[in-house]
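Labels run A, B, C and D following the written order; every chain starts at residue 1.
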Amino acid sequence: MSTASVPLPNWITYGLMPFLNLVVAFLISGVVVWFIGENPLEAVKLLLQGALGNGEGIGFTLYYATNFIFTGLSVAVAYHAGLFNIGSEGQAYVGGLGAALASLALDHYVPWYVTMPFAVIGAAIFGAAWALIPAWLQAKRGSHIVITTIMFNFIGAAMMVYLLVHVLIVPGKMAPETRVFLEGGQLPKLDWLIALFGGRLGAAPFNVSFLIALVMCVAVWLLIWRTKLGYEIRTLGASSTAAVYAGIPYVKTVIITMLISGGLAGMMALNPVLGASARLQVEFVGGAGFVGIAVSLMGRSHPLGIVLAAVLFGVLYQGGDALSFDMPKITRDMIVVIQGLVILFAGALEYLFRPAIVRVWQRFGKA
Amino acid sequence: ADIKPALVYGTGGKFDKSFNEAAYTGAEKFKAETGIEYRDFEPTGDTQGEQAIRNFASKGFNPVVAVSFAWTSAIEKVATEFPDTKFVIVDAVVDKPNVRSVVYKEEEGSYLVGTVAGLFSKTGKVGFVGGMDIPLIRKFECGYDQGARAAKAGNDVFQNYVGTTGAAWSDPVRAGELTKGQIDQGADVIYAAAGASGIGVLQTAADQGKYSIGVDSNQNYLHPGSVLTSMVKRVDLAVYNAFSDAKGDTFTGGVQALGIKEDGVAWAYDDNNKPLITPEILAAVEKAKADIVSGAIKVHDYMSDNSCPK
Amino acid sequence: MSPSPTAAPAIELIGIDKKFGAVHANRNINLTVAKGSIHGIIGENGAGKSTLMSILYGFYQADAGAIRINGQDTVIHDSQAAISAGIGMVHQHFMLVENFSVLENVVLGVEGGALLGRGVSDARSALKRLEADYGLEVDPDAIIEELPVGLQQRVEILKALYRGAEILILDEPTGVLTPAEADHLFRILGVLRDQGKTIVLITHKLREIMAITDTVSVMRRGEMVATRRTAETTVEELAELMVGRRVLLRVEKGPASPGEVVLSVRNLTVKDGRGVVMVDDVSFDVRAGEVVGIAGVAGNGQSELLEAITGIRKPVSGEIMIHGQPVAGFDAARLRALGLGHIPEDRHHMGLVLGFEESENSVLGYHRDGRYGRGPLLDLDACRDDAKAKIEKYDIRPPNCRLKTANFSGGNQQKIVVAREIERDPSLLVVGQPTRGVDIGAIEFIHRRLIAMRDAGKAVLLVSVELDEIRSLSDRILVMFAGHVVGEKTPDTGEQTLGLMMAGIAA
Amino acid sequence: MENLDLISILGSTIRLSIPLIFTALAGLFTERAGVFDIGLEGKMLFSAFAAAVAAFMTGSPWLGLLAGITVSVLISLIHGFASITNRGNQIVSGVAINFLASGLTAVLGQAWFSQGGRTPPLAASARFTEIVFPYAAELREMGFFGRFYANVISGHNILTYLAFLAVPAAWWVLYRTRFGLRLRAVGENPGAVDTAGISVTWLRYRATICAGILCGCAGTYLSIAQSAGFVKDMSAGKGYIALAALIFAKWRPVPVMLACLLFGFLDAFANFMQGKSVPGIGEVPVQIFQALPYVLTCVLLAGFIGVARPPKAGGVPYVKER
């Protein structure tokens, strides 16, 4: 008998199964560490210490988490509509342009809190714009959005490099990046927030973007579960034929969803560009868009789950940095390995343990 | 004084047979001579450098040497946060009292290897393959260009760059392809100033039976008989000096511009390339060297006006 | 093995049991089919007919039970085993590779060697032979997706015969056929039987059973409830066995009092997804206070007609008017705003989002309405209160509006749809197959509701392939054949006459 | 453009196209069988690493090739396990493989060799080096065709010729063998294959193994034929370009080769055009050439130049029982 359609309680589906998948991913990562000749337990200790051991570590962890919240939300919103947006990476990259232009234009004249709304809107608009063509191609011409968004990641990267190298670069400087924004173009750090818990933020670039990210979580939650548009998005994702039956306009909904998704991805740029380095650099996204896929999968496309998953990945990133510093044999690429394993087990192999769990559940759980 | 020195490499990796490896050599030499341990770190991405530098500083390491211009703004920031720590940045200038900026007159060293190339070439065509297209690498190219043209009237210089982002430092495939293109156009000596991508240039030249010029470290040994010479940039000295100055309490901030006169740049002449270098070439290079030191030859610095006289 | 009177039965199924998760599709089923006979299997939708035959064909694995072929215990663990046991099956949903040629489809799986050359040319001549033997002509080089369904089915039969099938299973073969095509098929089946082949025919059309089978079995809710010799049973008995109690398909209703025209269709032409004209220049009216039924064999354009009227498919030409307003090309949302209610043919794919809570489904299509939240917001409490009221009124079970819709049974799912569409009090209600796969109690309930709508002065357009349903509910009957409305009749018209019209023979 | 330059660009085109051809053919096999494969990039990278390590350790390019293929097949099997056996999301599985490849090769490379994730340079004997055809040197001086023979036809390594052989071979397998017929069928309608008594699972696994072998060749080419060692992230998006080429070619073998050659040509042309200015336009930024394959593919997908109809069952795990 097939076990696939046996219903399981939510705590198993949303709690136990992701947890088991994570455990396996981490066990295999441990094997890799051991294989390299380091002690996995020691590595875990260093990782957790580096990520959560002090205010600065926590600051970095949350800084990375902020990136992943944005991209995770971006992937999730599209996913609710049944669209697989692999393009968050490129949308975030282009979104950086919008954020940077706002700062470059305003930082001389106004304080940060005046710049911020413009930067947020700029980032969102540019990110959304980068999602528009794949969305349109999907909606009107039926081109598979996975493929087009992959293509647009590359096109976006080429465009951004061109702009940074030829247009935005500061004459005479080596690196292809914009000038450093003045204070009016930066997002202030959240030292006070860490101080509230008795920590010291130190140099960690944990900044106001985090709060924007949390606001976006609430906004996405509201959008998906408390608005008519969200209802339409979910209907489209769950059954495109039912959506037609209900008179939900396919083209419009796909495009709006992707614009929102792209806008969220674009806003991710606020964190590194305005919050951390105070300038637009090449490749500043650094794979956060792809991490967003993992975060969204793990978080089951729910903002709360996304925050948790994003923090987990933040811990991995920051802890991985600390780890590679203290165990030079383990380079930072180890994080990428762990990510890959998490995506594999929590995403592609998410049902690996289901049959076994169902059997156990049927025998003992239902009583 | 008791010191805890630390070294942060550029993104090419410690054993890039070139720039970073030179820094490593300097640190190892210091360790061998003094027995003082040092810590080093190989960032694999741009955001990591700053964290590593800050980590070292906050853990009490002093001096902290960062090789690569990529860490310019990182040093700028961290040096402000840790005013009591001594920093060294190589290949860029940071104007802080506790920072020593070591820059090289690469145009002078490149002029020398350009002279070698210009005289050695049978076809009168020589090539240059740069890594990332930035003014610093243009500076190499420009010196090389001047040397090659001065060596023999009518010499032609081709130039290519691997890319415009950090990835350009580690793309030997594209570098090799660009080299092949230059060889197809008739070049028989190609100068690589491309970090780890340069490996591809040297490899391709060797595969094609042509000649190459290495950079930063002495790379003559990589393909003996094919690597004509190397433009040696004494990054090892910068590291070594930083460590020993700190140890001897003689560390000073400010800019050090090292040229041929200061032994900061040179051309490599050793057993590996001895058979290739004719006495005429040897003489011409030594003369050029003397002329540069004496000021009789003024090699134009691309970065002074962002242009190269052609 | 030549057939002899004492020969072992061709098929014996012993204690077959199969569950799909929570659904018990086959319960301890026993079945015997004699060699050289045509055996019919009937049963309502979801009774488990396809499942049983797919187990025989090795497509599914039974959880328990044994299979005996020609008296021999046979383990059928995959379709390969079934094929070597001489079993062939024409599936309800064709198993053809659409962009392959007929020939490629026929040889798939029996290529006769690692390379294609020889096997394919052998197959070509074999096809010629089969064509001659059974009158199954089809161009071997035609691409499947360019063939009409009737020919596609022929390819499926050829596939089975080419594999040397002695036992041929046909799962609802006539659902997609015109009566003429169905007749042709039955003639072929007759020829096959006369040559000693054993045929199992699944259908829910009792008339077909009576016409062609030797024996017949009835399935209900996963169980095999009876087997009869066709000659010794009647349509009435079979119908009763199928649904489990005496069928009372007459609905009490008074005479209609039609008012003004609500829906007016003029010269409507509609193409399906493949670009084939399915509705061709159709015109008719539906008035307030009457039920207009559209009868026809499935696939004669009724679905496309419904889809065009309800805004799911854009018509190619012609006009649709509701209360005199032209609405062709409007989407479903705009049509709803004009007072159109729509109970779709396919509740699983259209009428409901199975993954949603019941309360969410009870506003589907009306979610933009102000009563479910101000402005862009969706008021979940309002939705749930609304759902609870409907659950009460329509006796939807279990009465839990937070339960996932997938967990409701088919009949209750249909009630959710019916409640939603009727409670909005539309002036025009378009209904497709309202009782497909629904139990008898729910059928009566739904039928009464539809009549109540009519009596309240609403216009009702009903499409159903169940002639009985059409005849008992409608005030006027339009018969569709090959995309045309071939005639209008009153509900007391004889089944015979309607059947001929549906076959395109009489007008 | 002079003839000489054209020859040079064409030679470069060939070299740059080879990994694309192998990889796109790999994608052809899996996607034709109904399994989406955006993990091509990762497989190529894994095999490049394995080939370089093995060639370095053993000194034999053939053992390098074997290692490259073995590892790539293993990764393919992981993809198969996730997407065929476990019916997981094929896109997600591909993304995971790409992450794993990029991370694991760098981690192991650095741990084993401490060269910034690179493997040590390989000696010529541990690599696939150029094969010079008879009379190439003589013909080189004999006009355009001589040069074409010497620089474009001759002078490549064995894997290059293998790639060009793989194209008709793939065509032949797909259209002239039983395996190919079944493979194409399973990508369109797995039910048809299943009811014909053929195991959908095993068939799809075999398709992914084919892809593994081809990706293994691609990776091996990168690290021990085109270059003399592995470099971190050396696949540099070629897997995605190959995917684009596959779509551009509408999942057909010979057009796949042509699309790969086109994209290779764009790359070679971009290298050639570097620093040269086009009359009337000025210097064309290399980024234009870099983006062009992706732009072209999107234009194709938009249906402006023909329609790319993907295999119907592509991306959908075969579910018989819910």
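What we mean here is this: a contact is a pair of C-beta atoms (placed from the backbone, for glycine too) under 8 Å apart; a residue touches a chain by one contact, two chains touch by 3 or more.
Which chain is which protein? Per UniProt: A, D = Sugar ABC transporter permease; C = Heme ABC transporter ATP-binding protein.
Predicted model, so just to flag it, every value in this text is computed and none were measured.
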item	value
Distance-maximising chain from subunit B - centres being C-alpha averages	C
Inter-chain centre distance, subunit B versus subunit D - centres from mean C-alpha coordinates, in Å	35
Inter-centroid spacing, subunit C versus subunit A (mean Cα positions, whole Å)	46
Subunit A-subunit D separation of Cα centroids, rounded to whole Å	29
Inter-centroid spacing, subunit C versus subunit B (mean Cα positions, whole Å)	77
Multi-partner residues of subunit C (at least 2 other chains)	20-21
For subunit B, residues contacting two or more additional chains	42, 44, 164
Multi-chain contact sites of subunit D, meaning residues that touch two or more partners	106, 110, 117, 287, 321-322
Chain-chain contacts as defined at top	A-B, A-C, A-D, B-D, C-D
For the subunit D and subunit A complex, residues of the former touching the latter	36, 38, 78, 81-83, 86-93, 95-104, 106-108, 110-111, 117, 237, 240, 243-244, 247, 285, 287-288, 290-291, 294-295, 297-298, 301-303, 310, 319, 321-322
Residue ranges of subunit B in contact with subunit A within the complex	40-48, 51-52, 54-55, 58, 69-70, 72-73, 77-78, 81, 92, 133-136, 164-166, 303, 306
In the complex with subunit B, residue positions of subunit A that touch it	60, 161, 165, 171-172, 174-176, 180, 202-203, 277, 281-283, 286, 321, 325, 328, 331-333
Touching residues (chain side subunit D, partner subunit C) in the complex	175-182, 184-185, 188-189, 191-199, 312, 320-322
Residues of subunit A that touch subunit C when the two form their complex	1-7, 225-232, 234-235, 238-239, 241-242, 244-249
